[in-house]
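Please find the structures below.
In the two assemblies presented below, chain A is common to both, partnered first by chain B and then by chain C.
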Partner chain A sequence: MDDFTWGMVQIVGVHTILGLSAYVILLTGQVSMAQAGFVAIGAYVAGMLTVLAEWHIIPAMVTGGLAASVLACIVGFPALRIRGLMLVVATIAFGEFVRLFWFNFDYRIAKGDIVVGPEGGEGFKQIRFFPENGWTTQDVAVFVWVVAAIILATLWWMDRSRAGKVLRAVGEDEMAAQSVGINLTVVKVAAFTAGGFIAGIAGAIYAHYTTHIEHLNFDILMATFAIAYPILGGLANVWGTLFAAFFIQVIVIEVLRDLGDVRNLMFGALIILVMNFLPHGLFSAKVVRKLKEWMGIGKMSDA
Partner chain B sequence: MLEVARLSKHFGGVRAVDELDFRVEAGEIFGLIGPNGSGKSTTVNMIAGIFAPTAGEIIFDGVDITEAPPHITLHAGIARTFQNIRLFNNMTVWENLWVAQNSAKQKRTGNPMARWMGGSRRAAAAVEEFLEFSNLAHKRDELAGNLAFGEQRRLEVARSLAAEPKFLLLDEPAAGMNLEEVKELDERLRVLRDRGVTILLVEHVMELVMEVTDRIAVLNFGRKIAEGTPSEVQQNQAVMDAYLGAGEGGSDA
Partner chain C sequence: MKHQIMFVAAAALAFAGTQSAAVSADREVHVAGFGAKSGVVRSFGVNTEAVMRAAAEKINNEGGIKLGDGTKGKVVVTFYDDRCKAEEGISVVRRIASGKAVVAIGPTCSNVAEPLFGVLQKRAGDASDTGLQFPIFTDTAIKGGLAKISEWAFRNVPNESQMYQSLFKWVKKENPGFKSVFGGVEEDFAHSRFTWYKVMETRAQEAGFKVLGRVKWLLNDTNFTTQVRQMKKAKADVIAISSHPFTLCGVLKEMKRQRVKYKQLIGLTSSSSLETLRGCSKQAKGIIIPTSFAPVTAAAKEAAAGAAKFNGSADLHSAAAWENMFILKGVIEKTGVMAKGDTVQADRRKIRDGLAALKSTGGLIGGIQRTKEGEAVKPYVYVHAQGKEWKILHDPRK
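The block that comes next holds the complex of A and B.
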């Protein structure tokens, strides 16, 4: 495979992680448009750690994730009081707040004969951990997918455990969930915190493979992508999100590249169609059951 | 066991529940009846912690739960069902019970690690028991949303039992059931009482209320107009007036 293909592999991997960050929150019935903001925090924090403090990518990535999760936890509390459209509006506002923070954030130091660090509206250039350490595009793609696989496996396991059932119960019916003893505050804030952490990880990787980030990378379009994957793929399990990230990034964005801006139109139309005709996504719980029966795979309560 | 004192709930100018007093003794089935809009569901929702009362207090087992949110009242030992069934529709029957069962176990042991130390197996065994009790074992892998109406009612009761409550709030469990299903429900409620679960039954289906309850309180326009055994209540003039529509304001019962 050539570098372009490996580049695609990286993009699909990062977008899968991005989609999973929204998936966790969406399980509890909350639509978060703040994911791009969490990605930005992970991207800038991890970038500064590898560039300015010369950390290794892995601790930098985890720290970026933790920084984003702290912010997400803080966002989770006011989000408890609002739901539906108002939550969408509030989380968009938060995302924009974070974007504009980085737009105004300037912290550079001299390193050798060049000056490095985030430079406000000019962006954050020279995030060169991968090239400096001799990682090829292929190495990076493998790294992205190892991280994506760990997150996929963790969430898949969580889905089958009690924690997953609790998140789903809250997403299905908050009042019923409370009445079986679930503390809504804990569950919703935990979902936001986990979603923030995963988004931060996606941001850390994104910053390093593009080597140059700026505030405009983390706009509403990225937030829309994040929430679109689990909406399109359905919430039955993590594979729907993986499939949707692949479908959007490879089929809609890359294969149909010749169509230009029409692709954005198609992306929007696709979301509208799915939300109207398949409100539980392409792979809803019902569809997944049918698929499993059809393929003769075990029953769901075997967990 | 449950004591409700001067309990009131006002929605704007409407007094949905007004200075309501009653006591439910441990081990009895207590009926709460009244025409539509008389404040029965509002009362249930206040006890369960969904609504905060405007005034008054709710004491359960000597503990003031007036302001307690739903998950706290559940952990205190009060489980409930809803008038319009609220299941986790995209989860299986088994998962519906599993979620409720686990919350109870975790709370009782006070140890969040309990389920990794053998608690999980015990919880699964308990879920089986509730499946059997509700005659839903053959539907365990069905999505709750795909069940027939009567099965959904049974599942909701089973889910409330899965939390292993001392006290059960049933909000019109017989609504929409045929006579045979009502008989089954009657039997189940008696079994539960014999197992030591105290029950507050809100119900319109008189065949059930008059058969199964030990005592009944009758509400009309948010106030209690009568209380006593089923036969006492049936002969009460105020109750007959309320149900025959003699009361002003057009109740539609």
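The block that comes next holds the complex of A and C.
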């Protein structure tokens, strides 16, 4: 595989993680447009830790994820009081708040003969942990996918555990879930916190493979992509999100690059078509069950 | 016998000629272009591609590029759309670098150039740095000081700091009665923001103007009522607007509607384009912009005609792509690029070293000086909008 293909592997990996951050929240029936804000927090925090404090990428990434999860937990509480369209509006507002915070955030220090750190609207440049530490594109791609695999495996396992059933129960019918003793506050806030952590991880990796971040990277378009992946792929399991990230990033954006603006139209049209004709996504429980039967794996127990 | 020998010799020569021609036809120098061909800044990428294709056609019509072994190679241009998105710009360059291209020209947007240059190897030949080793020769992304990010990055964009320093001084000299400046800035676009805060504002003060304040708007804004009201209230002699054609026209129309009075309008380099004239030529009348391109020489006129043939227009930004193509032709010929399948990486290194060694190059409106950091110091003129065209108001070199 050449450098470009490994680069694509990185991109699909990061977008899969981004999609999974929204997937956890969507399981509880909440639509969060705040994911871009959480990604921004993870990106800036991890970037500052590797560039200014010279941390290794792994602790920096985890810290970025934790910082994003703390904010997500705080956002999760007001989200209990609102739902539906109002939650969408509130989370968009939060995303914009975070973006504008970084737009105005300036903290630079001299490092050798250059000054580094976030510089408000000018962005945060020289986040070069990977190339400066001898990581090749292939190494970075493997790293991204190790992280993505851990998150995929954790969510896949969670889906099969009681926790997953609880999240889905809340997503299906809050009243019914509450009536059987499920604590809605804990479940919703936990979903937001987990989603925030995963988004923060995605942001930390994003900052390091692009080497430069600025507030505009974390706009409403990124938030739209985050929820588009699980919506397109379906919420039956985590693989739908992975498939959707691959399909959008590789087919729609890269293979059809020459189509220019038509790609944007296709992206919108695709979401409309899927929501109308496949409301449970490309990998709905029914499709997954049929696929399993066809592959001879047996009936799906929890779809 | 003599005739037979001559026939054989002629046949051998003819055969050698066809062989040479065949080799020449087989040898191609792949030059990739990339920039925004979608979204609000689409016209920039469209123009760059048109200019690159026109330059390639001219080079090929004149016999192509002389390669290291003496044969001639054809220039082949491919162009990719990066949508002015950092992530896509990086992906596009990885795609280009995984192919046959020996160099790339682009990108359009500074917010793509900055991360992209960060992905390149910082110091050429530094084995501990695994950054991409691929030469990029930027034509459009104009935000100040970006080429120093990597020794594989080179730019042929105007030096705005110098241009506005000279322009504000000239305006002051021509109009000693002008005392104040009020600014308007497209706040969320890397180039326009940088140019106002780091260039226009300070250069105006240095020239003896009092900066009364500034108003801000965003690239996607369509309503400028509040900002223009503040502009009107300031009653400044000079209004300097650092924004791209899309919002510049919106602001100028609103200024007309609110009957804002001023003595002089100054605009951003990127707005000295056809888009501004198409969008608001009436309202832009008299606006002064420094630019490093105007069709004032035979070469510049040829570039403009070539761009038009490929459905684009040569302007401040895209015209640089023409210069880049011819600068690269010179570098390729001087450094002995082979353009063979197994010499791609070596050819890229030769081009990088060749570009780094340049002290000066030719340009469409005059000679260009090159700096150690890989930047250009280009000649420029002041143009002002008059009807449906940009006319030269002053040439600081005279």
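By definition in this document, the second predicted complex is superposed on the first by the 297 of 303 C-alpha atoms of A that agree within 3 Å, B and C clash if a C-alpha of one lies under 4 Å from a C-alpha of the other, contacts with A are read in each partner's own complex, and residues count from 1 in each chain.
In the analysis below, contacts are C-beta pairs under 8 Å (C-beta built on N, C-alpha and C of every residue); 3 or more make two chains touch, one makes a residue touch a chain.
Given the structure is predicted, the values throughout are model-derived calculations rather than measurements.
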Considering only the touch criterion stated at the top, classify A:36 as touching first (chain B), second (chain C), both, or neither. neither
State whether A:175 touches chain B only (first), chain C only (second), both chains, or neither. first
Let me test your reading of the model: by the given contact rule, A:11 touches which partner, first (chain B), second (chain C), both or neither? second
Please indicate which partner A:289 is in contact with in the superposed arrangement: first for chain B, second for chain C, both, or neither. first
Which partner, chain B or chain C, touches more chain A residues: C
Overlap of the chain B and chain C interfaces on chain A comprises residues none
Chain A residues touching chain B in their complex are 162, 165-166, 168-169, 172-173, 175-184, 280, 284-286, 289, 299-301
Can you check the complex and tell me which residues of chain C touch chain A? 37-39, 42, 80-81, 86-88, 90-92, 94-95, 97-98, 111, 114-115, 118-119, 121-122, 128-132, 149, 187-188, 190, 193-194
Chain C partner contacts - residues on chain A that touch it in the complex: 2-5, 7-8, 11, 103, 121-123, 125-128, 130-132, 134-137, 206, 209-217, 253-254, 257-258, 260-261, 263-264
Give the list of chain B residues in touch with chain A in this complex. 48-50, 69-71, 74-75, 79-80, 82, 86-92, 94-95, 98-100, 102-104, 107, 115, 140-141, 143, 159-160, 162-163
